[in-house]
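For reference, the structure discussed in these notes is given below.
Labels for the chains are A, B, C and D, by order of writing; each one numbers its residues from 1.
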Amino acid sequence: MDIDLARAWVRAIAEAIEADKERLTRLDAEIGDGDHGNNMDRGFSAAVQALDTLTPGTAGDVLVKTGTTLISRVGGASGPLYGTVFRTAGKRLAAGDAGVADLAAALGAGLDSVCKLGSAQVGDKTMVDALSPAVDALSTAADSESDLGTATAAAAEAADKGAQSTVPLQARKGRASYLGPRSVGHLDPGAASTALIFRVLANVAAADPDAPRGGA
Amino acid sequence: MKKFLNTAESFLPDALAGLAAAHPELRVDLDTGTVVRSDAPTEGRVALVSGGGSGHEPLHTGFVGAGMLDAACPGEIFTSPVPDQMLSAATAVNSGAGVLFVVKNYTGDVLNFEMAADLASEEGIEVQSVLVNDDVAVEDSTFTAGRRGTGATLFVEKIAGAAAARGDDLASVAEIGRRVNAASRSFAVALTACTTPSAGRPGFDLPEDEIEVGVGIHGEPGRSREKLRPANEIAADVLEIILNDHDLASGDEAIVMVNGLGGTPLSELYLVYGEVSSLLAKRGITIVRRLVGDYVTSLDMAGCSITVCRAEEPFLALWDAPVNTPALRWGV
Amino acid sequence: MKKFLNTAESFLPDALAGLAAAHPELRVDLDTGTVVRSDAPTEGRVALVSGGGSGHEPLHTGFVGAGMLDAACPGEIFTSPVPDQMLSAATAVNSGAGVLFVVKNYTGDVLNFEMAADLASEEGIEVQSVLVNDDVAVEDSTFTAGRRGTGATLFVEKIAGAAAARGDDLASVAEIGRRVNAASRSFAVALTACTTPSAGRPGFDLPEDEIEVGVGIHGEPGRSREKLRPANEIAADVLEIILNDHDLASGDEAIVMVNGLGGTPLSELYLVYGEVSSLLAKRGITIVRRLVGDYVTSLDMAGCSITVCRAEEPFLALWDAPVNTPALRWGV
Amino acid sequence: MDIDLARAWVRAIAEAIEADKERLTRLDAEIGDGDHGNNMDRGFSAAVQALDTLTPGTAGDVLVKTGTTLISRVGGASGPLYGTVFRTAGKRLAAGDAGVADLAAALGAGLDSVCKLGSAQVGDKTMVDALSPAVDALSTAADSESDLGTATAAAAEAADKGAQSTVPLQARKGRASYLGPRSVGHLDPGAASTALIFRVLANVAAADPDAPRGGA
């Protein structure tokens, strides 16, 4: 992942979220407070704007700026949580053009930081349920030396499955946990937005002209 | 959606502009997202900063003023504010005696206030926090995000605010705030869902003969859905739940709030208060102070919450101390 | 119908019982249907008595106390009280200095208060009346019952109450009350109809995109039905109607109220106040005092009314004078 | 009209209003504030109770007691207005057993008093629009020496027609006048209750065993 791809990713997230805002908000209305789509939209459109005036040194800088913008513009639970994922991943991704293994390590660090910040683990019905398998998929892809396109496609697939896996769960973290058993049967909005973020990553990676066609 | 607004996007800034116009005694800063007492910082006094998602007015902006909050940080509707807001507020109100953050226990509020506390510390501002978690509708277990902060927030802000005003130091103000929270329990019932400007329609559908029991203040559904019942039965059920979780005993004194969620007429709140008052009297508990009205709301939601706080020493004297804010005023 | 109540029949007494429990400083008498300051009669002072149909809380019961009303007579929901109530109230509060009736201009209120005034005179109580008729939605012609009394009632009660408290005699208190009324104009817009406990369903049906313009405070339909518009346009239209009927000019000072009808959140009222404030500023009119909140309501109706009162000498000083009632309190 | 008939009339009004309460309230919701049925119900059931403990000297006493009860229990516009009709009529009806002419004169006095109190006249879309033709019908019946049954049947007929005549009118008095042209096309609730009061009078007069079968 280079600077352009990182930028393209954040831009593509912003577009995808804007288009899918209402679904995310509806998911949040069912088991939360109905603002997740707006929160993400506010944050990522601010991030795109912030990146417009940034001259990043590395792809990591792009992600760090995205993270700090999310923190200072989103609020709610998702602002600090997603902000921390991007900031932590970006700091780790300081190197020039990061390969699949670097990306896996960076997002893995992001995953660790968000689990720590929100004291959540897989199965709590949060964004972690999508993020964790996505990171695993990236690591596996790195181990088998897949290219970025293949790796991110696998991550997107895993994130999607992970998000879907939240449906039968009872929430143990965040607002949905207030509902107790009533939270069962609903897709977690944060897991849904994480799946979207990885879907978009796969799309931009596939479209990336610089993408190495072979191993990472 | 039927609301007085220009656009859904401009709802919050437009409402804050109105607040600014109506209250020249407050500094409403739309850029930093803060509402500050215009005489801040108050020399030698601990400053109180609170905040949270908007849509609960008068909480918190209506409680900024002498004897209560020094600043409030209104977030987007039902979305906790961002750390920058709390940092701005802390900077504006800190006189050197330190700043107390009053934080309602929601994941978003906790995380954003924590980040703000870190930033403030880095800038040399001494910060302590009181976490308000009075809502007994939520089980406080490792299986939840913990109890929500609702009505007791007002009690904490009033009583800790009075402690700060009389010159208590930061540790003492924080301590009394925590004690107020520990002595308080709340529970809410909704008759209708609320509609956020951005969603444009009610957060949930509720049949004509059903109520949401144990709702939060963010339009989230309650812990169960039940049949509409006479007010005396609802009041009895709610008090039962509250008192089962509280160690209030016969002979105790309490401060009680019957709080409207935004769409319920005052007459109904008084009616509920009447029931609460006679139920507590039967248990030998004396209500020594009370509030009946809209204080911690959920936009246009019809419903009410009941908060019971044991009137320990020295809560009552601090409660009675002067307060001069848009929404709470006495003794001045 | 979703309300906190026991039975529709017992709604009013149950709500009054709650008021009594919440306000030990008031004598709430369910038998005579009166709410009286417990320190009444105030020696040597003119006493103010008002009343009207219930369902407009806090009007009037919430305005009983030092510096405002000596007694209120709550009628059935939206039904003016009966003469016996006003007679009881007048008897309870008269110190010999006479009693001022503050009467909203509705056929029922006028007739019942007139009968009460006759009965009181027969018992040797000196009575004068101020008729409040500020609602410009109604044409004041021989083709109507005349303009309704709405928001200005609070202004009359506050300012005349302060005049009474400082010791003005009955004629002077009545005179200042009439001047306040003459200097005031109101207009209301509803987003939804209200539901009385006895009817059990909304008084009228309003499509999702329509508003009732020029509604009264009794759930009666307005003078026209229009499309929902942005708040700034609604505020501009309402102010236009009010100012067309008012001789307020650039350079004048005004006391303004943006009043919620019961089901509208405070944030929306502030938003409307922001619009009103900038529109008046454009016309060179300075708002010197204001109220934003629920003061004269229509049960659960969503909507708001705007009242503009020219701040003539000596209104402002009397407005600022101490008042200590459940719903209005300052300077004490 | 004797004491028993007067009592029977008030009782029958109370029953009829209770049965028809919702219609009256609905009519009032359309162009007023939706309380007329309840107001009348509260007033007449109180009147029936008050009469239970009264030992009246004349039929007029029954009507006076009814009127004062309405005044002290109803409130609103209809309380003082109906109260005044009954009180005034009752005072006029002091004589022992009143005939049609006496009744016509008594209710005529009631009509005058209510017009004065409410400054209403025929055509303003109020109870007066039903009361006035009913009184006229009674007078005409008295002139032609009809019996009470015939006279009150004619009065009921006239009150009904009078009430119906309010439909196309624009209200000039009472709450409905606030609506301006929007009040057109609705039956005035007070006129409707007046029609009911006369319908009930005709019924009790027809059922009255003491009723003179011939002229008044």
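By our rule, contacts are C-beta pairs under 8 Å (C-beta built on N, C-alpha and C of every residue); 3 or more make two chains touch, one makes a residue touch a chain.
The structure displayed is predicted, hence computed values, not measured ones.
K.L.:
Provide the C-alpha centroid distance between subunit A and subunit C, rounded to the nearest whole angstrom.
P.N.:
The separation of the two C-alpha centroids amounts to 55 Å.
K.L.:
Per the centroid of Cα atoms for each chain, what is the distance between subunit C and subunit D, given in Å?
P.N.:
It comes to 33 Å between the two C-alpha centres.
K.L.:
Quick check: what residues of subunit B touch more than one other chain, meaning two or more?
P.N.:
Subunit B, residues with two or more chain partners: not present.
K.L.:
Going through subunit A residue by residue, note those that touch at least 2 other chains and give them in order.
P.N.:
Answer for subunit A, listing residues that touch two or more other chains: there are none.
K.L.:
Take each protein chain as a node, join two nodes whenever their chains touch, and name the resulting shape: line, ring, star, complete or other.
P.N.:
Graph shape, chains as nodes and touching pairs as edges: a line.
K.L.:
Under the stated touch criterion, can you name all the chain pairs that qualify?
P.N.:
Pairwise, the chains that meet the contact rule are A-B, B-C, C-D.
K.L.:
Which residues, counting only subunit A, touch subunit B once they are in their complex?
P.N.:
So the residues of subunit A touching subunit B come out as 25, 29, 31-35, 38-39, 42, 71-81, 117-118, 170, 172-175, 177-180, 182.
K.L.:
Any idea which subunit C residues touch subunit B in the complex?
P.N.:
Contacts found on subunit C: 1-7, 11, 14-22, 54-55, 57-58, 62, 191-192, 208, 211, 228, 230-232, 234, 262-275, 277-278, 287, 290, 292, 294, 297, 299-300, 302, 304, 329-332.
K.L.:
Any idea which subunit B residues touch subunit A in the complex?
P.N.:
So the residues of subunit B touching subunit A come out as 53, 75-84, 106-108, 111-112, 115, 137-139, 142-145, 148, 196, 198-199, 203-204, 216, 218-221, 223-224.
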